[in-house]
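Input: structures, listed below.
Shared chain: chain A. Partners: chain B in the first complex, chain C in the second.
Our next item is the complex of A and B:
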């Protein structure tokens, strides 16, 4: 059995290496490939063909992959008669065209092979249990990357996935506070704003600053930071403000805490738009021209790592203390849990990740303006947490993608006036989508208070049990 | 001295006027909180809906019809929201009811956006109270003078109702002890409905006064006055009606003093800073009763 597993792992690794090798090689060898496709130099005789070929090479030299693919398609399609396509050329062409997808597949197979090998050699239950989730997560990331290369980065699906990943992070950070620690805080938008602004302020390239800060003589700050450093700084900034505001506010009872944090978010919004701070925050004007992400993998990676860290925290002793505070403050205190310190900790950590989420949101939107971070944004995130289930991380993640997909994509048709023959469908016009949406949310809040997951987590064992029960139920019936 | 007065009188008048309007909203918050321990996040939106109903009603109806109609509709809305969104959650954790309130607020805002198209509308000019008067050196609308008087009259009437009628006694009992008053045979649901009806009635009146002054109506234009009124209620000691009124006047006046100082950006922020400060130093507010935690 062991040998069998090992040989499977070996085969997977071999396949992965092959895929990675060929797609990596095909990435740079397009000019040679074009030469091989045209052994008789037909392009030299045909001006049009030469032009098409030059276009491919130009866009390749520019490094614009999307345009290269389009030009390549036109070239091979338009002049297929004069081009020689032997199997080797076809093979390499295939690897060039599908390079990213195939290398993603390769990476996934590599992870799968490693997991399988680990499964064979490790005796510890912990590692054995981790193997399958690791493979599934690798499959998810590979899938996102392949999907992005198939449907294009600006398609609706990718937009939803990107925004969904960002909202997932923010919703999970809010759940840490509201669902796991029982602190009803409504300051999330404020901390996101701090994160978004800190990120934007420190990453706008120095040469773009005169245009961005055109009303404030180029602004005060004249340096820039690497993206990831600025992102961590965004989180730290939000965490610092949380610490500061937490000193007084966290001693309050639940609903006062809600209104105080809501108020804090409003104060932050006003302060960041204050003209006197213009040289730093650009007043009430947009911040723009900071780096953004090119691929959906970036928000997925940042959100994934952050959510994993929050999950680890929740499964630590601190996490158990948080839950104890949520369930009964008085009892928790009697058990020797320092209420204030743990609340402060949950608040600061939650805000740290909200700040990172804000930075991601800024990158996603490509511009930042303080006026957009209203309490309505906090409410939306809170509703996501409720739909997913208070106290369930996987629920929050699922609900974020559902929420974003429904509000940005699936329910769009409700906003358009529709004719069925000569019959005009009533009610459908701009704004109806949000009405229908909020009705659905109210139904969830009133009748499915547990949300999708309640306070459980998605696990493979639970999923198979659930599916099994379904299957059996079907047979019985 | 004269210069000082003539420079600052308009701000003071505006402060007193907006304070009275906040007071009318704040009473709705404080009464609901006193009885249900719920921050009714939807109250500010009910206030906005009242403005829209008035706007649409007065477009086609004479004032003597549109005014009672607006009040009736707002009262019904307040009642319906309580029945539909809060009553099913009577035994749920408090956080759930608050989330439900946030959901209602979200729904009402989206609904208003849908019906009105989201553009700012002009609030109708009401006869007499929209006319201009000049006091000393300041020119202002009649509503500025009417508001504090009307507010005080309504508050006195409300206090009489609470202190000297049977339903008022029931309300006091419920806010003191929910469970016991239930055992004593008080019809809890009826009392809660009455509370919401009174709150919505005052919000409708407040909305007429408020929007006669600030005439642009958008789906979210009630959110900020709503939050400020809530802060006023907390400031005065939540659950206490005189406290809410005094808190509202203080906040209204202070806000306008800040505007007079040229710090308009911070006038909203100031309100919340005040809230955080009062919660730190006197969490029960000016007139609130201390709450003892029972295990």
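Our next item is the complex of A and C:
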């Protein structure tokens, strides 16, 4: 049995390695491939063909994958008579075209192989229990990647998934504070703004700065940072502001934090639009041309890692102290928990991840403008936290995707005036979506106060139990 | 001479015009079980709150193992409002937060039970082991402290075992019956590794058998954990049974102190307290 499992794992790993090897090799090989497809230099005689080929090469050099694929399709389709397509070329072309999906599949197989091997060599139940979630997470990521390559990166589904992942991170960071530490903060949008600006300011390529900062002589800052470094800096910047606010406010017993953070968010929004800071913030103008993400996997990876870190923290001895403070401050303090220190910790960490969320949102939107980070954004996130359940991370994640899908997609039709024959459907007009949304929220808050998850977490055990119960119920009925 | 664990000197706590504790002076020595009794509203819980840092007293000093942990004199508008009977205030000002005092080795339970309500019995105790950790945020979040974490968990289990709640360890704290919740509060206090344990009406709501068992239990934990115990209690049988000395307060003032036998025979106490109780 052991040997059987191991050989399966070995085969999986082999398949994975092959897939990964060929897709990585195919990634940069397009120019050589085009050479090989046209051994008689037909393109030199045919101006049309030459043009089509150049278009492929141009978009390839630009790094625009989607355009490259479209142009490649046109080129190979339009001039199939003059092109030589032997099996090796066809094979490599296939790997170029489907590279991301295939490498995602390869990754998934690799994880599966590792999990299988781990299962064989571990007698401890702990590893066995960890293996399934790892496989599921890998499957999720592979699924997202494959989906993206199937439906296209700019489809509504991918838009919702990307924004949902970003909102999930921000909602989880807010839940850490509001749901797990019992502190009521309303500054999430402000910390996201700081994160978004820091990220944008430090990543706009130096050569693009004259255009972006056109009213401020190219701006003050004349260097750029790698994306991930700027992202961490975005988090640190937001955390620093949180620390400053917490310094006086978190020492007070009562809940001044909500007022202080709300005020802070409003002030910071005005400050970043202030003309005097223009050389850094570009005043009330857009910041743009900073790196954005090429694939939905990026926000998924950053949000996933961040949420995992928050989850680990919540289940550590520090997280236990947070929950103790939430349940009963007086008792927590009597157990030796320093209220100020732990509240400050939760607040700073929450804001750090809100800053990272802000940076992701900037990348998602491709532009940043302070005016967009209104308190309405904070309320949206608060709603997600309430709908998902205060004190449930998985609830926040699920609610984020539901919320974003509903507001960006499913309920869009409410904003469009609709005619059924000559009958104009009443109420459906711009803005009605928000009305409908508010009603939903009110219903949730009034009748379903626990939200989707209450303070429980989604787990595989819970899921199987639930499915089992449903199955049984079905059979009985 | 026995080591002096706790000493209060002229402690007064005034809320607005109400003098809840008035010029209270007392001391507890290492290993003693001392009771604080008095009618409802006499200021017993307030005295506990002054010792544990929940309130900063209006005036007076508290020493723990010789160290001044609280030292206060009327501040701000209290200067004019002060209505205590003792007016020779200490000159230095020292305040400590409750967590700092717990860290020094003073743990307590609450009259109105204050368990962490969303947590299980085990988690309640585990939270209180927090003081023994040396891990920082990062080592804790990244699970680099698993050895320490294991020790904390073992310590918490030992405390649950000491109060006989092993069978209930995974139950929600607030779903336990009253008597067990009180025991759980004691387990939680013990988990901070105290030297001085303050119990605020630990037998409240217990029936006579439970109260009897509690008396035995308090003496056991004193032996086992080498504790000094300061206790507020209304059940006179329990107080007379286990305490070595008693302080009696009424309207915030000390009206008597002495051995249980002396207190029982003290006419002031009988009128102020025992008489009312037995009417």
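In this text, the second predicted complex is superposed on the first by the 396 of 477 C-alpha atoms of A that agree within 3 Å, B and C clash if a C-alpha of one lies under 4 Å from a C-alpha of the other, contacts with A are read in each partner's own complex, and residues count from 1 in each chain.
Assume a contact is a pair of C-beta atoms (placed from the backbone, for glycine too) under 8 Å apart; a residue touches a chain by one contact, two chains touch by 3 or more.
This structure is a prediction, so every number in the text was calculated from the model and none was measured.
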- prompt: Overlaying the two complexes on chain A, which is it for chain B and chain C: clash or fit?
  reply: fit
- request: Have a look at where A:391 lands relative to chain B and chain C in the superposition and call it first, second, both or neither.
  value: second
Task: Could you say whether A:382 touches chain B, chain C, both of them, or neither, answering first, second, both or neither?
output: first
Field: Larger contact residue set on chain A - chain B or chain C
entry: B
Message: Under the stated touch criterion, which partner chain does A:259 make contact with: chain B (first), chain C (second), both, or neither?
response: first
- request: Determine, under the contact definition given at the top, whether A:330 touches first (chain B), second (chain C), both, or neither.
  value: both
Field: Contacts of A:227 with chain B and chain C, given as first, second, both or neither
entry: neither
Statement: In the superposed arrangement the C-alpha centres of chain B and chain C open, at the centre of chain A, an angle in degrees to the nearest 10 of 60
- request: Mind working out whether A:188 is in touch with chain B, chain C, both or neither, as first, second, both or neither?
  value: neither
- request: Could you say whether A:117 touches chain B, chain C, both of them, or neither, answering first, second, both or neither?
  value: neither
Minimum Cα separation, chain C to chain B, after superposition on A (Å): 7
Message: Just to be sure I follow: which residues of chain A are touched by chain B in one complex and then by chain C in the other one?
response: 330
Chain B residues within the chain A interface of the complex: 37-39, 85, 88-89, 92, 94-96, 98-100, 102-107, 109-111, 113-115, 117-118, 220, 223, 227, 230-231, 234, 265-266, 268-269, 271-273, 275-276, 279-280, 283, 293, 295
Sites on chain A touched by chain C in the complex: 309, 312-313, 316-318, 320-321, 323-324, 326-328, 330-339, 345, 349, 391, 455
Message: Quick check on the complex: what are the chain A residues that touch chain B?
response: 178, 182, 184, 245, 248-249, 251-256, 258-260, 262-264, 266-267, 270-271, 273-275, 330, 375-376, 379-380, 382-383, 386, 390, 429-432, 434-435, 437-439, 441-442, 445-447, 449
Interfacial residue positions of chain C with respect to chain A in the complex: 52, 54, 97-100, 102-103, 107-108, 110, 114-119, 123, 126-128, 130-131, 133, 135, 137, 140-143, 145, 149, 152, 188-189, 191-192
